[in-house]
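Some structures to go through are shown next.
Common to both upcoming complexes is subunit A, partnered first by subunit B, then by subunit C.
And now, the complex of A and B:
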């Protein structure tokens, strides 16, 4: 009986004009998404490589490592992040490495090209979250009450059909009829990635498979929700309206409201406030050190040629002390801000997880490593690189890089031809995408929440249909 | 021929949640090879009686039995023994007539039928072969009604419930339908039919019942009705002037 109902659903849905049109559009959009993602990756990788080469070219011709003021690093595009972009286009993609101090990321894609920020990019997150959830609603909003309106439910239930088998068959049949055909454009898209030479590693395919699995779970949520609402309402027009409202709340209202509420509930100092605090502290340190600097005198017996090295040593000491104090202060402020942000984030995401759309978005961006932690991860790796760079610089010049005061003395000897620095000796920055295991906790939790939504709505549909007035 | 009661209403009562008494202690039985026609105005309780036999609603008291099985206690067992044709048969519009027959026959537990059996059933109800493979979307009400009857025939159940089956049919189709009912009766089916068609009821029914405000106010056999004007009797009952 179950198989018969599943077969009927498959035949009824796949044979309809509605399916042909919506499936055609969805398939086209899916394939287009893969193409756009792959093209974006290619363009970003090319831009990244050009910028990296230009960065090194600027160093060509230098003969002294001490002349290297700073070095720029780039956040390279990742294959999977081109499919689920998350915040990767919103955050800065380049940072200046000075050898000390904080790292700031700038030149975001949307900052460089604001036109893309207006309507955002087409990615798998958008396709599943918006297009395919509506696709599910469109097909299942009248799955039960529509059959009653059309008169087929009465005839069906006039037979010895257990209601539980019927609703289970309907859910399974609808899911198979709608979800399985979607695998075709998804697989086509995957082939397109290969054909366009996107370097998908094994872990990238794992991420991709997890994103698709999450997409199907999310699709299942709206399908079972639609069946639930269709079983709980008398008219298909009512169920469509209810589902539309639920969809708007899930996709548009709840995630934004959660963030707004969290913003109100947890106060996080702004970056400008932090900069201002740091600047005031720096000024106060400067005032303190000015007196020390003014009081500095070389010992009277110091030969003239030793005065400058003595002064440099003194200034280096002052500089190191100030840097140390500034770093400690900055670190404390950053930590306080980061802690407040973490609380705010937990609050916002916890609230937002009431919405399946928010859960799906958080899940896919966690898997693609393009979530809110991408910026922190990039900064962390850039900081680690900065340490490497500082050691290298010190090894080459004998000085700490980025000292605020640097005096250079040249002698006649310096006019002689000097050997150029070899930029290939510099340590290279390579951003390593954090492994999926790093986000395993939230990923499992979000998979669990989506599964729970499915179970709850399925149970709701089940119970509502057992009580459904089939007259 | 099986002559025992197949469809039985035993003091069947239904009061809805809003307090409306739709059926008040109605009792009747329909034997194998018998047609029982229920006449009555809209809201008289005819469809409620059919809904109780199909267990679409639970009785407040009394019971409906199909082949001795109380429908509200063992609905699935009872439904195995009954076929149903609604007033306006609606099948799956994207399926062909054959596909609809196949689906509903299997749903009714008949899995051994072949395409020839389906074609024979459609032929029996008067649907020509050129429409067998056409989608139901383009079928007229009469053609859909014929498909519904073909489905009921294929189920081969001892009881058949017909809810105003000739409503909206043209005279030719209604006449053909009458012939089909006669054939089903001679196969031993117990047929309960709700209808507004007094003429057809008198022509075909073995027993005629008149429902009014949820009560079976009259029940007469065709023998008792012979020579009587059923329309006049009906109008008298509707006006409330009965001896």
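And now, the complex of A and C:
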């Protein structure tokens, strides 16, 4: 009997016009999303490459590594990030590498092109979270009470079929009827990625599979919720209204409100305060060193040609001292801010997880590595690169690249042809996406929460249906 | 009869079971959005004032005039409570210095990423997403639903022209939905007074226009629901069509239009432009140095073979002229480099403008985009915000730098470090004297906002489009209803 009910449900859904329309639209949207994501990836990869090449090109022809200035690194686009964008368009991508000190990335996609910020992009997160959940509701809001209204429920229940079998068959049937067809555009999309030559590594496919799995779980949440509401209400118009309100709250209201509440509840020092404190500290350090500098004399027995190197050594010494103090101070301030931010974030996301849509969003962004931690990750890797760069620089020139004092003496009679530097020797910056394992805890938790939502709503539907008045 | 139908329609909306729920939800959301907007506005205003105070203090403690730099923050505006637009996406501040061009950086979203993930809710968002959905929810079955329940046939059996019936139905539905929604909106506006948000008369006028735009959009969706209801026989089909169209109009068309434009018009990134400019300037410098050494050898050539004393004398005689010549060369090279930077930036801007126009044209196929664009223009949080600010900042930078140079001259100290190398005394460093900078008479940056008439005229197209869409929808519903088969049987 279970099989029969599943089959009936399948046939009913797939044969309906509702199905034809919504399936057509969601397939179109899904394929479009994949196409747009892939194109965006290609374009940004190309732009990223041009910027990187030009940045290197300007070093060509230099004869002294000491002349290298304005070296920059860029956050490269990632294949999966273009499918689930998260905050990747909100953070800066270009970082100046000076050799020491802090790194502040600039030129965020939305900041640079506010035109995209207005309507934002289409990505899988958006399509699943908003469009497919709405369609799940559309299919199941009258699954039980609609049958009652049409009178078919009584007929079915007149057979020797336990109610539990019936409701289980219904949920299985509707899930199959919607989930299996959706695989078609998703697979088409995956093929499109291959056809367009998007370099998806093995781990990228794992991420992709996890995102799709999360999408299905999320879809299941709204499907079972709809069945629940449908069997807890008498009229299908009521159940639709209830579901719509729940949907609006889940998708749009709860996440945003949670974040705003957390923003009010947890005080985080503003970036402006930090910038200002640092700059004032730097000025005060300068004042301290003013005297030391004015008092400097070369040791009396220094021969003239050694005076300048002596001086350079001295300046490098105070420079290093200042940099060290500055770093320690900056680090302390940054840490304070990031600790406060972490508390705020836990609070915000903890609250937001009441909504399955927020859970889904957090889950997919952590799988795609485009969550709120992307910025720190990029900063960290850029800092590591900066160290590498500083070492390389020191190896070439014998001094730190960070010094704000640089003396270069060239004389006209130095006529011999100088050797040009080989830019290929420079260490290259390659951003490595943190492995999924790095975010395993939250990923598992979010999968768990989505599964829990499914179970709770399904149990609710089950219990409500057992007591449903079929007349 | 007209009033009877209007009243009947009103009643049917007001007493319907979905009315209390939707009305409550809409009210809560409208109030919530305004309340949160006010809180955010006040927080950003505090932040703005604190940041300005810090910059002032920082500048007074600066090393000296030469290294003095300023930071300008974008001033928050009460209109962002209702329309956040691109306000949180565009950088909040720009450095003002001699050595760097202005650039807005550190957007609110990039500083506080938790907001970036879920974004803010503002009034515009509620209108676009929630109110439009409710408009459809109440009108999708306004005609075919009455046919299904048999009341349409009864109504038309009275001696009343169909034209009057459909008009009355529309008016009734409009009043039934708009009047209740006005309650939370007016309450929300009164929150502005309660929290003493500094609103000028101009702000209220802008809000009035925003309310007008919201009403137009709402009207469109009411008319659209009726149109769909009058072209279909069954309410469940019209419901499906309405919902799918809603998804398309609200969520898909605006984004798709923007992305399509992005595909068609290629625009380089700032990073590309920056590195192009760097390479260009490097090439110029190299050429300059080459030319310089060539010049020197030609200058020295006639002096070859002269006795030492004569050579030195000749050389000293010419030195001034040569230095002048070299300086002119350098200046003209700087001009070329700056010119190239300007050209690149201008090209970029033109490209962006082109893409923007195309994007707007495409996305305006949805009245929701038209509403969004109109709202942003009214609030001054439109796409032009960035260029507007950057232009004003560039002008401010010029006057700031002028002030700085003058002050530096007056103080008689470069503020830099002077290093003297003497064969007798060795190296001596002079770091200048300690001083607090007196920032009297420093030019202040004044926020630029488009004037009311500029803002309003920029929204002309969008108001027109929304009106047009509404009229077409209503006319369609009207025409279809005249021929509608009201019989209950299929």
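One rule holds in what follows: the second predicted complex is superposed on the first by the 460 of 471 C-alpha atoms of A that agree within 3 Å, B and C clash if a C-alpha of one lies under 4 Å from a C-alpha of the other, contacts with A are read in each partner's own complex, and residues count from 1 in each chain.
Assume a residue touches a chain if its C-beta (ideal position, glycine included) is under 8 Å from a C-beta of that chain, and two chains touch if they have at least 3 such contacts.
Bear in mind the structure is a predicted one, so any value in this text is a computation, not a measurement.
Student: Let's test your reading of the overlay: on subunit A, do subunit B and subunit C clash or fit side by side?
Tutor: Superposition check on subunit A shows subunit B and subunit C fit without a clash.
Student: Check the residue A:209 against both partner chains and state whether it touches subunit B (first), subunit C (second), both, or neither.
Tutor: After superposing on A, A:209 lies clear of both subunit B and subunit C.
Student: On the A-aligned overlay, A:279 touches which partner chain: subunit B = first, subunit C = second, or both, or neither?
Tutor: second
Student: Answer with first, second, both or neither: which of subunit B and subunit C does A:91 touch in the superposed model?
Tutor: Only subunit C is touched by A:91; subunit B is not.
Student: Looking at subunit A, does subunit C or subunit B touch more of its residues?
Tutor: On the superposition, C touches more of the residues of subunit A.
Student: Regarding the shared-chain residue A:451, is it in contact with subunit B (first), subunit C (second), both, or neither?
Tutor: Touch partners of A:451: none, neither subunit B nor subunit C.
Student: For A:470, select first, second, both or neither according to whether it touches subunit B, subunit C, the two together, or no partner.
Tutor: A:470 sits against subunit B, while subunit C stays out of touch.
Student: Subunit B to subunit C: minimum CA distance in the overlay, Å?
Tutor: 8
Student: Which bits of subunit A are touching subunit B when the two form their complex?
Tutor: 1, 4, 8, 11-12, 15-16, 150-152, 154-162, 469-471
Student: Which residues of subunit A touch subunit C in the complex?
Tutor: 17-18, 21-22, 25, 29, 32, 36, 39, 43-44, 47-48, 50-51, 54-55, 57-58, 61, 70, 72, 74, 86-87, 90-94, 106-108, 110-122, 126, 130-131, 134, 138, 237-238, 241-242, 244-245, 248, 252-253, 255-260, 262-264, 268, 270-273, 275-276, 279-280, 283-284, 286-287, 290, 293-294, 296-298, 302, 304, 307-308, 310-311, 341, 344-345, 348-349, 352, 358, 361-362, 365, 371-372, 375, 412
Student: Along subunit C, where are the residues that touch subunit A in the complex?
Tutor: Per the touch definition, subunit C meets subunit A at residues 17-18, 21-22, 25, 29, 32, 36, 39-40, 47, 50-51, 54-55, 57-58, 61-63, 71, 73, 85-86, 89-91, 93, 103-107, 109-121, 125, 129-130, 133, 137, 237, 240-241, 243-244, 247-248, 251-252, 254-259, 262-263, 266-272, 274-276, 278-279, 282, 286, 296, 352, 355-356, 359, 363, 369, 372-373, 376, 383, 385-386, 417, 419, 421, 423, 426-431, 434.
Student: Any idea which subunit B residues touch subunit A in the complex?
Tutor: 51, 54, 56-57, 76-77, 79-80, 82-84, 86, 88-95, 99, 103-104, 106-109, 148, 151, 155, 161
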